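One chain, chain A, appears in both complexes that follow, with chain B as partner in the first and chain C in the second.
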Partner chain A sequence: MTKDDVVAVIVENILDNLDDVEEGEIDTSKSMKDYGANSLDIIEVVSTSMRELKIKIPRTELADIDTIDSLADKFLEYVNK
Partner chain B sequence: MKKIGIEKMNIYGGSLSLSQKDLAIARDKDPEVVLRDYLIDTRSLIPPYEDTVTMCVNAALSILTEEDKKQIGMLIAGTEGSVDFGKPISTNVHSALGLNPNVRNYETKHACYSGVAALDTAINWIASGLNKGRKALVVAADFSRKHFLKDHEFVLGGVAAAVLVSENPKIIEYELDKKGTWTTDVYDTFRPSAKAEMGNNEVSLFSYTDAIEGAFLHYKDNVGDVNFDEYFKYNIYHTPFPGMSFQAHRVLCNLQRKRKKAEIKESFNEKVMPTLRYAQRIGSCYGASNFVCLSGLLKSVPDITGERIGMFSYGSGCIGEFYSGIILPDAKKMIEDLSIDSELDKRKQLSVKEYEALENLRESYIENPDFETDLSILDNWYDKYYKGSGKLILKKVDNYFRTYERV
Partner chain C sequence: MDDVLKFSFADFFFNDSENVLNPPSDFQEWMQDPRVQYGFSFFEQQLLKAPRAKTEILSNIDGKKRSVINLTSYNYLGLSTHPEVIEAAIEGLKKYGLGASGAPLLSGTFDLSVKFAKMLADFKEKEACLLYSSGLGGNMGAIQGLLRKGDYLIMDEKCHKSLVDGGTLSGAKMQFFKHNDIEHLNQLLEKYKDKRILVAIEGVYSMDGDLAKLPEIVEVIDQYPNVAIYIDEAHSTLMFGENGRGVAEHFGLEHKMGITFGTLSKSFGGVGGFVCSNKDIIRYLQGYSSPYNFSCAPAPSIVAGLIKALEVATRDSSLRDKLWKNTEYFKKGLLDLKLDIGETESQVIPIIIGSDGNMLFEMAAELQTKGLFLQPVDFPAVPAESRRFRISVSTQLSKEDIDEALNIIEDVIAKRLKTI
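Up next is the complex of A and B:
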């Protein structure tokens, strides 16, 4: 699986879980908060993405991640483990 | 199998409140966002002459008859706010309510799961037959500690519930064989001393989410592959703050079938919002949460006799439990006979300054071996609300001995 595949899963879940966001407008160098996500939205995006990618990451490792890109990098580490 | 469930129930949301909007403005936050995300309009506060003992008693007083008091054989108090490390508050509650002496009693602790842990123990005692027809009284009470200027200052509250559990239920019958449990060792929120309350918001939200998923999957292991959307008429979730129930519902909706937020909102408005009627006025409901939401649901909707309700309890630390029950024919009437709405209306709304002074005063009492509670605070609120009401208050603490009094 490539990083693009992981990003695609995350973006799909962002579109499902945030109101009023269009696919083309998501810049992965930004945080989900920039698109109006509250902390509950972020948790759902992270949880559903991990479920789909069949990975489990300790929450402590996710605490300091602030952009969609860095979330994808972290997911990728576990996908390829 | 015997029919076991709640025969009588009441909640007590304290005598004071604070507007969430006022707090948001005082803390320089956008009130609209605060109200929308947390779904709390007001939070309950209690004066320093109340504690978890008085709250439990003040919830139970109005529903127990003299006959009930004779028939109670077990009293369990769920709390994470006990006033003593050894002596359980169930003993204070037992004496203040004037129950008979042959009552097993103790506390249960598992953060906000404490009330359902107590309920579960009561149900099992009755199911075993060892109760010999006697009833169990479950009480649960908690209130927030002082958290000025913290993010989680917007998710505080306090409430007590009193629940009479018997083999003659009138409100809800629990489905004893339908349950799912999930646990893990985590430090999400915890109370390591009589004053400190530690927590990590993010860890807490994640562990709650893991627990509801784990508990519901275990429920399905035990019950069968039920369709989440069809099996439950309404869903009650633990409310550390009512807004969290949206996340809980979203997890279970998406487990059944992935869908857009807008569709989940629609389902949430129909199946969960009616349960939040009182939680939105109380704030965090701690161990009494499932009972507060059950009361809110029954008051908000027309007769729902025979309908199945899904319930989820969560205790930090942590544990999640998913269970279900069926609403009984007398439930609507029983809840209408209570005056929960008007009791909440009677609370005195404090300014942010008054709230801060109140919490500072309470903190000065904690672990203090000698003090007499000041009944003159808040413009003699005691005289207006408590005096002559028969409610229980904490009068004084003398060399750590606590004196309570019905006033």
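Up next is the complex of A and C:
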């Protein structure tokens, strides 16, 4: 699985969980908060993405991640383990 | 599972098992790990006596009965065990029986509950009050009853889960402002100013013991017409303010609070919750707040005790005066030990030990075996880098109790932290 595949999963879940966000407008260098996500929305996106990617990362390891891009990097690290 | 201790309840919310009646497979694996079981052994320990300043527990650590100084119960004013309150509850029990046997709208409204609701509304200087049989239900139900899809609930990020759950049930959008960050609150208000907005805050925040920056919050909200304030005074009612009405009274801003919530399980010493506001919105909530109109009403026996609790707590200031005296003495002792008690301004005092979860539970075991009932608070209830113990100061603690508690805290926490 490539990073683009991981990003695609995250983006799909962002579109599923956040209103008023269009596919083309998501910039992965930004945070989900920039698209109106609250902390509960972020948990939803992260958890559903992990379930789809069949990985499990402790929340404590995700605390400092602040962009969609760095979330994808962290996910990829676990996908390739 | 690698690194079981890195996981917490925060990691198993989503269940991927095929049968919904089976928890996640890795949750089972995690829970069965002896190190995780040890951590959970501190929770749900049985109290064998009333939650007084000195009580007895059946320890989950070693299965022994243990006499302890109680720094964990919310019996802040000692009202759950006040002789007059107990006597009133007994009389209520004899006259009305154990439970209400009905929802408020049909058969669960008693003369006692009408009287108590009126007393609470008068006490809070609002027009009307709605009683709930649960504190969590009150917060959740009031928010769920007030807001609808398309509305915005803007709340402090440290607000209680009951407020968040109320927001979820209501269908409103939720936005969280950084804790007591007035500029962030203002940004969110500006962004959503065209929507119907309720701002929810707490008087005293329950994990840190600090207060809402109410004057600044009110100043910002005043710039936006129709933005209402919901204040949760669960940990401040009967304690803050000249008359014990809460943090809003403490700041002289009660008239700015659109709706005020209180619990009946903490300083009141019973169980239940209430909201006070204008009579029209309370009448509306009676029809739309599910934990009110679809739940059995508060037990009249409990309400009988609560009426007396309110009378005792407000007939003079002696109980809260003693609470603040105890709190100041306890805080001074902790600061003399060079412990980190955060920004507390209330009877809730954290002892923040840092990120080491193992150390937290080792200390918790030692505190208990030395005779202190002081529970650890772990991630995700608090940030992973600021795991802590949380002291609930009570009026019932004597100076000797506090001195003994400080001695144990010094031996177990302060001395160990000095070696790091």
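To be clear about the criterion, the second predicted complex is superposed on the first by the 81 of 81 C-alpha atoms of A that agree within 3 Å, B and C clash if a C-alpha of one lies under 4 Å from a C-alpha of the other, contacts with A are read in each partner's own complex, and residues count from 1 in each chain.
What we mean here is this: contacts are C-beta pairs under 8 Å (C-beta built on N, C-alpha and C of every residue); 3 or more make two chains touch, one makes a residue touch a chain.
These numbers come from a predicted model, not from an experiment.
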| item | value |
| --- | --- |
| Partners on chain A (chain B, chain C) - clash or fit | clash |
| Partner chain(s) touched by A:N17 [first = chain B, second = chain C, both, neither] | first |
| Touched partner set for A:S47, first chain B, second chain C, both or neither | both |
| Which of chain B and chain C A:N38 touches, first, second, both or neither | both |
| Chain B versus chain C as contact partner of A:E61, first or second or both or neither | second |
| Among 117-125, 171-179 or 387-395 on chain B, the segment whose C-alpha atoms clash with chain C after superposition | 387-395 |
| Where chain A meets both chain C and chain B, residue numbers | 38-40, 43, 47-48, 59-60, 63 |
| Touching residues on chain C, where the partner in the complex is chain A | 1, 3, 6-8, 10-11, 13-14, 16, 26, 157, 164, 168, 173-176, 379-380, 384 |
| Residues of chain B touching chain A in the complex | 37, 201-203, 205-207, 209, 213, 243-244, 246-247, 250-251, 254, 258-262 |
| Touching residues (chain side chain A, partner chain C) in the complex | 38-40, 43, 47-48, 50-51, 56, 58-61, 63 |
| Touching residues on chain A, where the partner in the complex is chain B | 16-19, 38-41, 43-44, 47-48, 59-60, 62-63 |
